[in-house]
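Each of the next two complexes has chain A plus one more chain, namely chain B in the first and chain C in the second.
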Partner chain A sequence: MSVTNGNRFGFGSGVRADSLFRILFGSAVVVAGLLLLGVILSMVASSMPVWDIQTPLSFVFGDRWAGEVTQPDGSIAGNYGAFPVIWGTAVSSLIAILIAAPVGILAAVYLVEFAPRKLAAPLTFLVELMAAIPSVVIGLWAAGDLSIRLRDSVEWWVASTLGRVFPWLSEDPNAPASQSVFRAGMVLAIMIIPMVVAVSREVIRSVPQSLREGFIGMGATRWETIRHVVLPAARVGLTGAVLLALGRAIGETIAVTMVIGNAEGIPSSLFLPGQTIASKIASNYGEAGSPTQVGALAALGICLFALTFLLSLAIRLIVRRSMRQSGRAR
Partner chain B sequence: MSFVRLTASDLTKAPSGRDARRRRSDQLMRSVMFATAAAAVIPLIGLITFIAIHGVPFLSSQFILNSPLDKEPGISNAIIGSLQLTIASIIVAAPVGIAGGVYLNEFASPRVSSAGELLIDVMLGTPSILAGLFAFLVVVPALGFSGYAAIVALSVLMIPVVMRTTQEVIRLVPAGVREASLALGIPVWKTTLFVTCRTAASGLLTGIVLAISRGLGETAPLLLTAKGTNDTEILNFGSTMNAMPIVIYRYAYAADKLHIGQAWATALVLLVIALVLNVAVRFRTINSRVA
Partner chain C sequence: MQHPEVELKSGVTTPKVVPHVAAVASDSGTAGTTGDLVLQNLEVFYGSFRAVNNVSLQIEPRSVTALIGPSGCGKSTLLRSINRMHETIPNASVRGTVTLDGVDLYGAHVDPVRVRRVIGMVFQKPNPFPTMSIFGNVASGLRLAGISTKSEIAGIVEDSLKKAALWSEVKDKLDEPGTSLSGGQQQRLCIARAIAVRPEVILMDEPCSALDPIATLKIEELIRDLRTEYTIVIVTHNMQQASRVSDSTAFFSMGEDRGGYLVESGRTPQIFTAPTQQLTEDYVAGRFG
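== the complex of A and B ==
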């Protein structure tokens, strides 16, 4: 070591500097982990006052959000029922997925399999650009324009045909509601289509070209190839794409708050105002003063987190499984 | 097995029966798929047209430069507030996200790395309102509705975006680049900072821009933390602050034409910023799927 000056190249001191560096960078991961832990623990800790006056079961399945009720004997009982908002979240996300999944997947198939190169690039860019638009801007457009168009077209048409048979699709023809669960679902669909397209495109592109060629070589049409080869091969990945988008729909707050109407209770029809978990938190935090009121919102947060967390785990499992499968195929 | 001799006319003549049906359904599905792809673009066009038509009449220099308290009210305090909150949050989130992403790729054992991946997935999947709720439950009781609370909430949302993008681009740096540097006797930390990260620099920037564009557009976490105000606060993170998304949300239901118009105009400004940032990211080499 005497020949060269080790320190000039960082020899000698290097080992200690390296381990310090590792610890420093590793601590960044720890910080991120602690933040996530903080998000969870803060909700659990703040929700404690609610569990003093009611049970988690009565919270999740209670059908009224009445707040604290003073009972005849003077004690305080909680009457926070989250079922209507959980219902609102489930139904609006379901509507969104039912629309976004077929549209997004078919659009992705078109972009990958059929679109001429000159059209594919700009079209993909435009479809996925929607994902970059802030949700409050989408909410403003939805409340001011889209919502009214939907009310006067799809909603009116469905209500005056199917609505006569199914009460949950009916509306008062003289006074249609200015906001509705259905419209929230449509807005969510528009917001998550770019995500379905983006992920589906990757999945479809990764289906080996030789599978397609083999089937086309046997005389199949392009559509038959897609239907019998490409889509089955991409099935797992496409499920992942849809679940990823579902997670986005469940958690979306501001755009939904602006079109869903924030009405208490489970509406009798999809064309009436409702509420989701996220929109409830966003519209109620201002009035939450007492520990139980804040706690009830925190408990809603726990429900929302649980839903999205389970989805994240499910997606991870699916991706793992598909990776193992494709590994075997190779 | 019998061989059928095909002539040119066999290939070009219209198929009949089953084949005709197959061809028809092929063409039908082709059009259906084209229609869905086109339909997916319609909302974007509708949105941009609508916001532009309604927002442009309210755009003026006063609108950008005046505060809501001036005689001709504007949204200068919201623009200043959005910039401050976003910059402050990215100053917190970028080092943590980049360092964490680098660590997971370069140093972590497979088990830690996979746990880190799960952490990023869960954080990316966590609805933004929960980041707001977190700051609302932890920071607001201590400091009140404030810029600090907003920075905490936005950082929680930005860190996983930066971390995921960092991971994706660091992975693309060829091993040979690192090995060459290490073989010269350059210590690991110098190699990581000045060779690996340097090579991936434009990708790291992409992550930061994505995080900034996410931070600029978030509304719910800001409502629960910074709350919004008519005052102009400069570097006063201890007080309530205003931001463009808050203005849009609050003015959208205003009773008077001016405020509703200002909501449209603010949305137009935010829309343009979001589109510019997105286009800037798209035209870089690395096309991340995070946002």
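== the complex of A and C ==
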């Protein structure tokens, strides 16, 4: 087929196609932005009733989720204190990250630096598979078999040693709790370890081989190279990995709801039942009848959203700092 | 005076291997060690692929030996087998011997980590450690070697930076990151780092290939200066560089099986002006490679 001289360069169909796709892709971005805005607005809107009976400050720092009563005159009085569930979220996530960060990073170091290639590939696949286990399945396992094992091993051991010194680590030996904040932290750790491993592995792999060789070439052992060159060079990315996993731990709902016990108030010991923001919302939403009850849960949602938002902001700042650092390294 | 010549020594019987590893096991700088490096029937493998084929080469102490040849002829692999760096690559293995001052570096009791303290290395791309200062980069090897006295470290760092012709440029900013320097300065920093642990031999793997001509010239001058104290083996793609900096040259090529082999070696002027092999002549004349 020959092209006539008249339309050698076509009739601008290329330009038209470009602008079509620009609109198509652009509108996808707009939809995503509108959704985010919609979520925030709807949360704020449905939380409004609760601000009629109390202030945000008394909500965040209130130590009791007391509920509400309808006064004889028809007005509603009550108090919703979110502090215990914020505490539960913070503590269970902290336990999770204290366990998952070292375990996950060490596993990633092993996968990148030590595992023979034939072993590294299946192990990496296994870790990715672990990350894909639905949280409700982990919750089932955790609430059943794992819970009893943890109680009879780690928890019993900690309670009978450290628990003698620190009351917040003690438990009643005659009636060990079947559900606890500590156990929620352990379950969260199990859930986020694969994530820490996967991200840390990428970060450690991206440390240039030339740096390792430089140090080994001066007479360093493998371990000295990891300790003095690889981990320092990867530290910013590793921080990012840990924060990312922390974000997941803070928001995790179903598995936590299944093992934490959903008890009101701040427990006197980590081995007693408690509650997190996410588990509170999930377990209370079905029974929430009045607009103030729903409003209080929406306010909790805002707290959770703010917490994860601040965390991802921190991740962004750290990543940007690392980009600037590696830019300087060039 | 020892006749300074690199000889092709194929078929020579393996020299008597000194049973103890004192020269390698004790720290470098010991009296009586000269940096006398001999490769005997050396073959390097990656899995079943033979990357370097039966190389025997005697490297003259306290001089510069250049390894030249077309890409893929195994020069870098050979260089890395001298201080056992290639062992960091899985599946790599070696047949034949490398001896330094009579000690077989692949002997059963030799620790490769110690070998690398005696045979230092400078790489293609300058690789200062990004999380360490200029001072820290040079001091890093000393701390590995167990030197912890602050004044001693400071003295060696200054001395090494002076030897690497970098002291005057960095003496007022020793605390800044090593990566803040220019490419040429970074490479001299890496040379200072290698010198600091007092090696006998320094291996250089195309040390100027990432540098501009002026920085290259400085490194070349430095190499000329350093050869009075160290045995230097340098891999280079740049034939002018080989003729400028080296006393001896070994020319490698790729065989039919894609494995590299030594074509010939000798005094640099002889290799460049009167090679005995046609292949060498074609290469140094720029007809291939």
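Methods note: the second predicted complex is superposed on the first by the 301 of 330 C-alpha atoms of A that agree within 3 Å, B and C clash if a C-alpha of one lies under 4 Å from a C-alpha of the other, contacts with A are read in each partner's own complex, and residues count from 1 in each chain.
Please note the rule applied: a residue touches a chain if its C-beta (ideal position, glycine included) is under 8 Å from a C-beta of that chain, and two chains touch if they have at least 3 such contacts.
The model shown is predicted, which means the values in this text are computed figures rather than measured ones.
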| item | value |
| --- | --- |
| Which of chain B and chain C A:Val158 touches, first, second, both or neither | neither |
| First, second, both or neither for A:Asp18, with chain B first and chain C second | first |
| Partner chain in contact with A:Met43 - chain B first, chain C second, else both or neither | first |
| Partner chain(s) touched by A:Ile318 [first = chain B, second = chain C, both, neither] | neither |
| Which of chain B and chain C A:Ala90 touches, first, second, both or neither | neither |
| Partner chain(s) touched by A:Ile99 [first = chain B, second = chain C, both, neither] | neither |
| Which superposed partner A:Asp145 touches (first chain B, second chain C, both, neither) | first |
| Which superposed partner A:Ala278 touches (first chain B, second chain C, both, neither) | first |
| Per-residue touch tally on chain A - higher for chain B or for chain C | B |
| Which of chain B and chain C A:Ile266 touches, first, second, both or neither | neither |
| Contacts on chain A seen with chain B and repeated with chain C across the two complexes | 221, 224 |
| Touching residues on chain C, where the partner in the complex is chain A | 83, 85, 88, 90, 113-117, 120-121, 123, 125, 127-132, 140-141, 144-145, 177, 179-180, 190, 193-194, 197 |
| Chain B-touching residues of chain A, taken from the complex the two chains share | 9-11, 14-15, 17-18, 20-22, 24-29, 31-33, 35-36, 38-39, 42-43, 45-46, 102-104, 106-107, 109-111, 114-115, 123, 125-127, 129-141, 143-146, 190, 193-194, 197-199, 202, 221-224, 226, 244, 247, 250-254, 257-258, 278, 281-282, 285, 294, 297-298, 301, 304-305, 308-309, 311-312, 315-316 |
| Touch list for chain B against partner chain A, complex | 22-23, 25-26, 29-30, 32-34, 36-37, 39-41, 43-44, 46-47, 50-51, 54, 95-100, 102-104, 106-108, 112, 116, 118-123, 125-131, 133-134, 136-138, 155-156, 159-160, 163, 184-190, 192, 213, 216-220, 223-224, 245, 248-249, 252, 263-264, 267, 270-271, 274-275, 277-278, 282, 289, 291 |
| Chain A residues touching chain C - in the complex, by the definition given at the top | 116-117, 208, 210-221, 224, 228-229, 232-233, 235, 325-326, 328-330 |
